[in-house]
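There are structures below to look over.
Next come two complexes, and both contain chain A; in the first it sits with chain B, in the second with chain C.
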Partner chain A sequence: MQSKPRIGEPLYLYFLPAIAFVGVFLLASIGDIIYLSFHYFRLASPLQENGIFVGFQNYWNLLTDGRFQQSLLTTVLFGLASSAGTVLLGLAVALLANQSFKGNSFYVAIMVLPWAVANVVAGRQWSFLLQPGMGLANYFLFYLGIIADPLKFSALSTPLGAFSAIVVATIWKSTPFIALILLAGLQSIPRELYDASEVDGAGMFSKFRYITYPLLTPFVNIGLLFCGLGAMGSLDIVYIMTNGGPGTSTNIFPLFLYKTYFMAWDFGLGGAASVFLMIFTMITFFFLVRSLIKYVVRM
Partner chain B sequence: MSEPKKVDRRNFIYAGLGAVALIAIGAVAYVAMNPPVVTQTVTTSTTVPTTSVVTTTVPTTSPTSITIHQFIHANDPARQYEVAMPAAWAKVNPNIRVVPIKMPSGYTEGELLEVNTAKARSPDIDIFNIDVIWGPLFADNLWVEPLDDILPPSEQSKFIPAMIDSMTWNKHIWAVPWMYDQGALWYRKDILDEEGIKVPTVSEPGWTWDEFISICENLKEKYPDLAPYIVDQFKYEEISCIWTEILASNGGAFFDEDGLIRVNDSQGVEALQKWYDMVNKHKIFQPGTLSMQLDPARVMFVDDAKGIFHRNWNYVWGTSLEATSKVKGKIWVGAFPHFPGHQSAHCEGGWNWAISAGSLHKKEAKEYVKWLTSYDVMKAIMLAGGYSQARIDLYNDPDIQKVWEPAGVYYNLAKYTVSRPKHPLYLQISSFIQDRIHGCLSGLSTPKEALDGLADDLAKLTGAGISPLVKK
Partner chain C sequence: MRRINLLEQKIRKILTVVGVLFTSCFFVAPYMVMVLASLSSADQLLLTPPNLLPIPPHFERYLAVAFSNEFGPTIINSLIVSSFATVTTLVITLPASYGVTRFRIKGRTSLLTLFIALMAFPSVGIIGYLYDLIRAIGLFDTTPGLILPYVAFNIAVSVWVLTNFFKAVPIEIEEAAALDGCSKMGILLRIVIPLIKPGLMAAALIVFINTWNEFVVALVLTITNRARTIPVGIASFQGIHETNWSETTTAAVIASLPVVVLAIFLRRWIISGLTAGAVKK
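On to the complex of A and B.
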């Protein structure tokens, strides 16, 4: 039998583990990063040079860094392209999964497979697929008439090709998760609405336009939210496939951050970049979440 | 509005006592894991003759039993540093026990672990295992001890010159080289013999890059199914290695003798233009060279037999003898081409033993390192199938040459090895090199633009000025 809390029992004690967890692993980390962002701190420098207060110097260095500016632009483009692609493909996959047909369960099981693959493995796999000669993707592109010679074409060796490749790989990896969200959304739409519309003579497109689309929009927005967050934190696939190359053409912001921390060991600049990313993400998603809430309230 | 609940005094006291108990347990655990340091007096004794598999002598020993800890590679194929050498040393000097500590297999993780340990001057590790590119970082921060006493100039001359150079900083030597590697020009001997083409070693005049390109273009026509030159040119550390070689093969360098930046001088621009032309104009590399990494390139050359020349490190020879190889007995190694009037340059790679500044047993650690890097021990390691070692005369040793067939060529090439830029912030420098050079090879900038950009990057990072060798 579950006992009721006694009057006067300090209930807040029950929250302590959660508060401690958030405090240690989130707030303290954020506080540490903010602290670092205002100090000089390089792992490769002598101890006595570290910890000197430098004001906004790290932020100034960051904002005037050409690689940072370029990585920000690349990240925005990467985020837009991969989010749009993932949601569109996820919607198509979810619409199919929502139909009744023989083998539906098998289809759903297959559908989620890319999600189960580790990002590093996915990156390596896509690199192999795109290798000239042995890469299957090249033959696919050849039969579609997109490239002339599958033995010589190397998508990852050109800026546009490499950017497209990381977008495609990210879409492939993220689609199952978004498709599941959208499938949940599709299954929450009352069947009666479709039945009634059929009585009124609505066709497939009309049903999608007037029933599915408006009722699924909150789920699409959630999907976009997750995709955008994923793009902001996407590192492994891009690191494996291009390491930001050719040149700096796929040097997305998380890669810039990784190199600042783990190649330059510049924790001051890395802290400033992290704070920037945090604020940038919060502002971006504030508007997205606000529009989502407004939409839900309106419904 | 409801009133705030009062805190129950008894529970409050219990919570406080619990917190105090937790802190006490933590403190006890910390003390248990970090026992107080006991200062030991070490006295010297006489030379100890050895009866182990390795015949050598040790100058001093400690009567008190001491344990020293040594970082080693995670995957030593012959388990020399994990098992054989500590055991052999125990026979030589039972009073100094060596405990190998495996580094993480991931390069970045291993480096961070060593840097953090060194920066903290932790006494937990006595002997660091440092990459050739980490020397200035560890030396400049005084994280390691100078080793001029166990490696004086007379002894340094017995090691691969570039390895000594990479561990020399502020006129001191900071680590003893042990594992040696070098970039080299591997090739299909069977095909080139048939064509009557003899690949030079550096002791001969050697090929110029133009001659090499011409040979590759002719071979491309004759062997359309084979890539003339297989090179991994993915954007990563190898780009820095290859650029170091091509730049040096034209007499260029990153910095001049005064430490000023000269990477964008006329020799640098000419060198990068040649590399760019090889990729984009002459197309002598395999398709996808700019996105291919080291081992897929080696597989293409060794297991698929799809190339004629191949830039890689010494490990290619061993893999060519494995069951999966299609080129067993068909490959050999030679010198890289160079620009007219200059000589071949081969990027060095490898690892070195350094003594931690935080070590409590520096003297004993030095003794062990001195023994470990003695000629006889290094030879024993190589003969046992361990890593290739850094003493240059080993490659001229008939016993070694019986086991390591290309050792004679390595001996020639080793004299012409070059170091990557020596700087405490090398990793950042390498990142800049990769951005700029790979960008140029991919057509994002001209060689001049790329090198001017790289010079700006280096100037901002290091504070160094531009050399007068760079004509505006």
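On to the complex of A and C.
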């Protein structure tokens, strides 16, 4: 019902509280981070220096900062590994859940578990599993022949091990959400297409290749974009498991951002890094909205 | 051709069973190991390989952790923060989502786009701003200081879920009520809300779990147990010398198991909420 507003009913009141909250706590921040990024703000330094306009100095410092460059590289690798793993596993789970078998609804129920578990808890859980001696994942890796000594092996204290560990923990945590989206996508494909192709003699693989794959692609894109946003914007699991270490091997961008603000207390540099993140998010979101509108909303 | 189909079905069945078992193990086993560890005695965990059959189960550690000075207050804080944030978010987004789907006013589409766009808003990007803002208004290290930003962060997802349920309500019902002289607010409260109860349920659950699990904003905006929430408590939960895994796993299970059980039982609403709009019916 697209009814005309009646006289005497102030319609803006319906939106006012939501807009007020969003405006004060989210949108105003964009102005603030831009302001911060052009000024000197180090909370640990003498007060009179703070608030001085420094032009593009913070941006220059950011772009030439080795820790920033390293964190971007790590984030790209982390994002690629975790999104590829998440989407592939999510696709497998969605295809499985779309089959009819006994306990199908139980299988879908299982998928809710990692989604409902907090990132912090997921991080603790995987750290525990990877403890030398007491961690069962170590024994699992030992029986597979990947590691030699479950009592001594400590995944989180080697760069490659720590990186793999945060990737696995992230895949564990984020796959169910992606799987649920892909499952919804699978269920939106009309049954008749498969029936018709069977009449034409299509097998399991050609049905996947010519029906499932093209019609599911928009949903896969949505999944990939969510994973990308997560890699750039979520630090919980990494903070808990490695805090960026050993060395800087897992210091992903959001962790670098957090440390710039609250360990170095450099709000000017932090502002510049935040602006960088906002621009990245807007570009990613542009693609997200485009694929949502192009394929999903009009469907 | 018939034989090929039978073979295909057989392969498909075997692949399904193997795949389901394998993925189920991957998603459930790591968490179950932690639950078992939380019930085992501290000595059992030190065996190599650890003996995780909790016989007898040690429930007393749950009480000890839940009522400890270090961890106990964070449970209360989390309950307060998540409940108030959920209720406030719903009260604010109900009229907004209703208006956005129903009123013919200027800027309606751009308003909806704005709300939805905020779903991608990276909270970690504005932790510096929130820190300054919440300090400036004197709410640093208080529960209201967390509730306010949490409401803002969850408006997007709540609007997303609710608008998709509002769209499914037949317009004719509302038109009939309008003809009978019902006001817009009256239509919303008396007719539409009862019809979208599943949507409210979905939005409430998702917002509650989001806020219950939120970490980085709570880490930045709290410093003592006056306002620290469970995830921050777990992050700082350490033994005196090194991580005390028997207590850490217990705290982690206390923090997650109630939400996990709730989510699994009410999964119908959560799944419909999460995938709402992804598929147009």
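As a convention for this text, the second predicted complex is superposed on the first by the 262 of 299 C-alpha atoms of A that agree within 3 Å, B and C clash if a C-alpha of one lies under 4 Å from a C-alpha of the other, contacts with A are read in each partner's own complex, and residues count from 1 in each chain.
FYI, contacts are C-beta pairs under 8 Å (C-beta built on N, C-alpha and C of every residue); 3 or more make two chains touch, one makes a residue touch a chain.
Keep in mind the model is a prediction, meaning the values are calculated, not measured.
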item: Chain C versus chain B, contacts on chain A by residue; value: C
item: Partner chain in contact with A:55 - chain B first, chain C second, else both or neither; value: neither
item: Touching partner for A:158 - first (chain B), second (chain C), both, neither; value: first
item: Chain B versus chain C as contact partner of A:262, first or second or both or neither; value: both
item: Partner chain in contact with A:110 - chain B first, chain C second, else both or neither; value: second
item: Chain B versus chain C as contact partner of A:21, first or second or both or neither; value: second
item: Partner chain(s) touched by A:145 [first = chain B, second = chain C, both, neither]; value: neither
item: Touching partner for A:11 - first (chain B), second (chain C), both, neither; value: both
item: Shared chain A surface residues [contacts with chain B and with chain C]; value: 9, 11, 13, 127, 131, 133, 151, 262
item: Residues of chain B defined as touching chain A within the complex; value: 5-8, 11-12, 15, 108, 112, 115-116, 119, 137, 141-142, 234-236, 286-292, 296, 424-425, 427-428, 430-431, 434-436, 438-445
item: Complex contact set, residues of chain A against chain C; value: 1-6, 9, 11, 13-15, 17-19, 21-22, 24-26, 28-29, 32-33, 36, 89, 92-93, 96, 99, 101, 103, 107-121, 124-129, 131, 133-134, 136-137, 139, 150-151, 172, 175-177, 180-181, 183-185, 187-188, 201, 203-204, 219, 222, 229, 232-236, 239-240, 254, 257-258, 261-262, 267, 270-271, 274, 277-278, 281, 284-285, 288-289, 296-297, 299
item: Footprint of chain B on chain A - complex, ascending; value: 8-11, 13, 43-47, 67, 127, 130-133, 151-154, 156-159, 162, 242-249, 251, 259, 262-266
item: Chain C residues within the chain A interface of the complex; value: 1, 4, 8, 11-13, 16-17, 19-20, 23-24, 26-28, 30-31, 33-34, 37, 45-46, 48-50, 52, 91-93, 95-96, 98-100, 102-105, 111, 113-118, 120-133, 148-149, 151-153, 155, 159, 171, 174-175, 178, 183-185, 209, 212-213, 215-216, 220, 230-231, 234-235, 243, 245, 248-249, 252, 255-256, 259-260, 262-264, 267, 270-271, 274-275, 277-280
